[in-house]
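In what comes next, chain A is part of two complexes: it sits with chain B in the first one and with chain C in the second one.
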Partner chain A sequence: MRNNVLIIGGGPAGLEAGANLQRLGYNVLLVEHSNTLGGHLGKWDRLFPGGTPASAALDKLLGSMDGVKCFTDTEIQSINRLGKSYNVILSNGITVLADAVLVATGFDLFQAEKKEEYGYGIYDHVITNADLELYFKTGLDTRINAPRKIGFVHCVGSRDEKSGCRSCSKVCCATAVKQACEMKAAFPDAQIYCFYMDLRMFGRHYEDMYLEAQRDYGIRFIRGRVAEVSENIDGSLSVKAEDTVSSKPLKVSLDLLVLMAGMRPSVSGQRIGSLLGMQNEKDGYFEVLSEITAQQRSSIPGIFLAGAATGPKTIPDTLADARGAATQIDKYLSDIFPKAKDLKQLIKTAW
Partner chain B sequence: MVDFGYGLLASSRINLDLFDKGKFDSLAAEEPDVRKCIACGSCTAVCTAGKFTPTSLRAAIEELQNGRDEVAMNMLKGCQLCGKCTMVCPRGINTRHLILSIAKIYSKKK
Partner chain C sequence: MIYEGKQKIWSEYQKEIPDDHYFYVRSCIRQSFFPASEAAFLDITRKKLGKDIFETEHHTTCGGIAYHSDAIPQETVMTIIARQFALMAKYGYENYVCSCITSFGLYCETLETWREFPELQKKIAETLWKTCRLDFAKPKYIVHASDLIYHYRNQIAALAKHKLINVHTGEPLRVVEHIGCHYSKMFPSKGVGGAEYPYVLAGMVEACGGTVVDYPERRHCCGFGFRQYFIKANRGYSLSNTYKKFESMEPYHPDFIVTNCPGCPYFMDRWQYVIAEETGKTYGEGSHGIPVLTYEEMMGLVLGYDPWDLGLQTHQVGAEPLLDKMGIQYDPERKYLGAKGKDIGRPACPSCIR
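Now for the complex of A and B:
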């Protein structure tokens, strides 16, 4: 009998882990609460640093899912330890006995309307990074109307204790620089400003992207957090910050303001966490057994974690994490269900 | 001494040897949050006095740590204690209270 592995979450982490576990010979069942697989990746247009189309990355992930049973529009109703395994009841009435569970519940985007001072949902020309990606995908957004002056606000719902989000969301700096360049390409006459506190260009090629933004796209980087936004009578926006480099308060009128909404622990993931009795850290993301040597293991035997459920990650970070989780699950199942592993080996060699 | 017709200006270089650690430590004992500033400039951006006078809490904290106490105090003397900066600080620092504490510890007037 092949071991059953249940994956909760059909984003990049769940898909990558699913494909790898299926390939390792397990019986993989993936449960996704929304109606589509792909998570946030499905709503994104292009990926930093090279501008890879998100749809190409997603197609690649979906293309390796052969044999993985996927249930969309499905929730976990209950999950209980039964011997060495977990008895899981799904909202579609199916009951599964899972020998290992991978929690890949990802993240939610910070709700930008919570930062009232930026006027998202109140002013006509304030949008989020996700709105802009959707615009790049569809070309439709009435708030974007040939803007000549565009601002990007970094760290919206990140590094902000006022909104209860102390941590850095890791990906927004690079996303802002990418989107700023894309907007300049789309609107060559526009002047673009990025308001940042620190630019965290930590990844390979990210610094090159930053250099290109300055040199080739003429993006102006202003070191200061936007503190106030107000709407003028003509619909344009008055934005205030401090230019901390020149130590002067600064004001600029803009036609479009893009808020870089950060990552928050997903609400549906938190529900799974409470079903499992899993611990969160202070930042709201799931606790891992060891942040250095056991990033994909929870403190509960048989429960594994991958992707942004354990903190903000880029897509390649998430995929690497998911592959790591797959090997960790394989190791665990081989140790705890040695006979099943032997049988698995037998089937492999016999066939 | 020959008069060459010009004098020497005082150095504008920051000299960290002038930093009064004892004083700053006593400020930090009273206001531990002073060490939490990430110099984002939100306080200065919304400052009602900052538009007209060189008022900047962000810069003042920096100057205190650079041993330029007097420069720092000058940056805060325009403060009207309106508390707008407290509303925007992403680190949740009670900036208004911090300014009062700085004035208490660094003021030369007794």
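Now for the complex of A and C:
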């Protein structure tokens, strides 16, 4: 008898955990509410720090999914504890008895229009990091028209009490530096400014990327938050900020402003959390059993967590977290369903 | 500019504005600056629209100017405000409408402070009783007078004698709307349309056929700012603020400016003259300056009030070019006649603004 594992969420965490659990011999079902697998990774062009194509990373993840049953465009209708397992009814009419559930519901991008002073959705040439990635992928965005002066605003919806988002989104600094360099490569005559609070270049090679941005691409980093954005009569943007290094206010006209929208807890994930009775921490992400030793376990037996459902993560961190979750699930199922474990071992041994 | 984006924000910042039965409090300084505006508000709401707007001579200043100038402490200003609210309750009202933006901001600040610090509210209630023998009360609804005119904007537009349309070209008049800083910058949810893209005046302009000009320094302070003006040495800041705004709006060729704050129309009107005298720079068509109106004056013109009854002769920048555009008939000989035909005198002719 093979244990059933249900994975909720078809982003990088769900895909990586699914492939690993399948390899461990479990019967894996993955449910994704949207119509495609890959989550935000599917909408991204290149990944920091080395510029790896997102499509290559996603293809690799999808290519490891042999045997995993995936249901896209599918919602969880109900989920109830039944003995040691969970009885799950899906929106496509299928009922699953899952012995473990992995919640990998990811994150939502902060809705940049909530920072009203930046004018996203109001001024023609204000876009987000996600819009820019889509432009890199497709080359299509009428708002980007040979810009000569470009600004990047870090921490939009991150580390910002006013917008109700105190936590750092972790990936925006490196993404902004990556995107700034890409824009400079695409528009060599453009002047590019990054408005930042402080640069969190914590990962391997990130600091090198930041130095290259300054030295090789001539990106100008201005330590200070943008106060307000308005539109000039010619359609360009008037941006006011403070340069806290020189202690002076600053006003600059730009042709394009890119808002680095941060990560927020996924709304659809919160619905799943409500169905399961899971707790959130103050930052809105799911509570974990131990932030040091059991990051992939919830406080509910049999319910596991992976990826950005428990807070902002880079893609490598997400994948590592997913592999950790797979290991935790394997350990849990071996303990709770020892006979199934024996059978699994027997099958493995027989082969 | 994506208009639908603004509409989305406007839809999120709508406040509940009761339709009738208000206790009205005037502004300290508006009666000096533009004395006919409050009279126009009362006339429009009471006589044109048949609303119950009550006022009493017993109300006082809210204390805002003294408070913001650090002349009195917060507890004093809160007691003054508690007395205003107590008068409202004494006369049987629970909806409070104020003429002044500074007052509106201060009322919102005070109510929020009492909500967060109930012990302070208790103390103020005790002080109110000891000093005035009045029972403490809080309004059920508090609105600014411009909120109320916004609420009635479609009714007023239906009664319009003149639209905000250039009768010579048929084009909508181009209007700069300027919101007082204390209207919603402190508490965005208390203002119609929020803080970044307020709709309270824009809604009136649109209802009456005009179009709103959005220019880069739209959010900037008019230049009043208590410390900028009350401290004489700082007045250069006040003037430079106004100058910045006019330089920014100039390329959009606005036909007039409408405001909802006591200080804004005054400073944007008077500083145009000072800028002209100091720099020789004038704004508006034919170096005439850009007329600056209160929202009561704007709606009064729409409703067909005589411009001189609305007090437009108290403006530095003459309103005549605007009146001509709107097709409003007026008697130039009556411009400087006060009550009972008394000559109120004529201003010295400025050399730069015509």
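Some observations on this one:
Keep this in mind: the second predicted complex is superposed on the first by the 350 of 351 C-alpha atoms of A that agree within 3 Å, B and C clash if a C-alpha of one lies under 4 Å from a C-alpha of the other, contacts with A are read in each partner's own complex, and residues count from 1 in each chain.
As a convention for this text, a residue touches a chain if its C-beta (ideal position, glycine included) is under 8 Å from a C-beta of that chain, and two chains touch if they have at least 3 such contacts.
As the structure is a computational prediction, the values presented were derived from the model and not from experiment.
In the superposition on chain A, contact is made by A:Asn232 with chain C only, not with chain B. When the two structures are aligned on the shared chain, A:Gly224 is found in touch with chain B, with no touch to chain C.
Contact with chain B, but none with chain C, is seen for A:Met197 once the two complexes are overlaid on the shared chain.
Contacts of A:Ser247 after superposition: chain B is touched, whereas chain C is not reached.
By the touch criterion stated above, A:Leu102 is placed in contact with neither chain B nor chain C.
Among chain B and chain C, the chain that touches a larger number of residues in chain A is B.
Once the two complexes are laid over each other on the shared chain, residue contacts for A:Gly121 go to chain C alone; chain B is not touched.
With both structures placed on the common chain, the touch criterion links A:Asp160 to chain B but leaves chain C unconnected. Residues 117, 228 of chain A lie at the contact with chain B in one complex and at the contact with chain C in the other. Every residue of chain A that touches chain B in the complex is listed here, in rising order: 117, 155, 159-162, 197-198, 223-228, 240-244, 247, 249-250. Those residues of chain A that touch chain C in the shared complex are 113, 116-117, 119, 121-124, 228, 230-233, 238.
Put simply, chain C touches chain A in their complex at residues 1-2, 5-6, 8-9, 194-197, 214-219, 251-252.
Residues of chain B that touch chain A in their complex: 38-47, 50-51, 54, 56, 58-59, 88-92.
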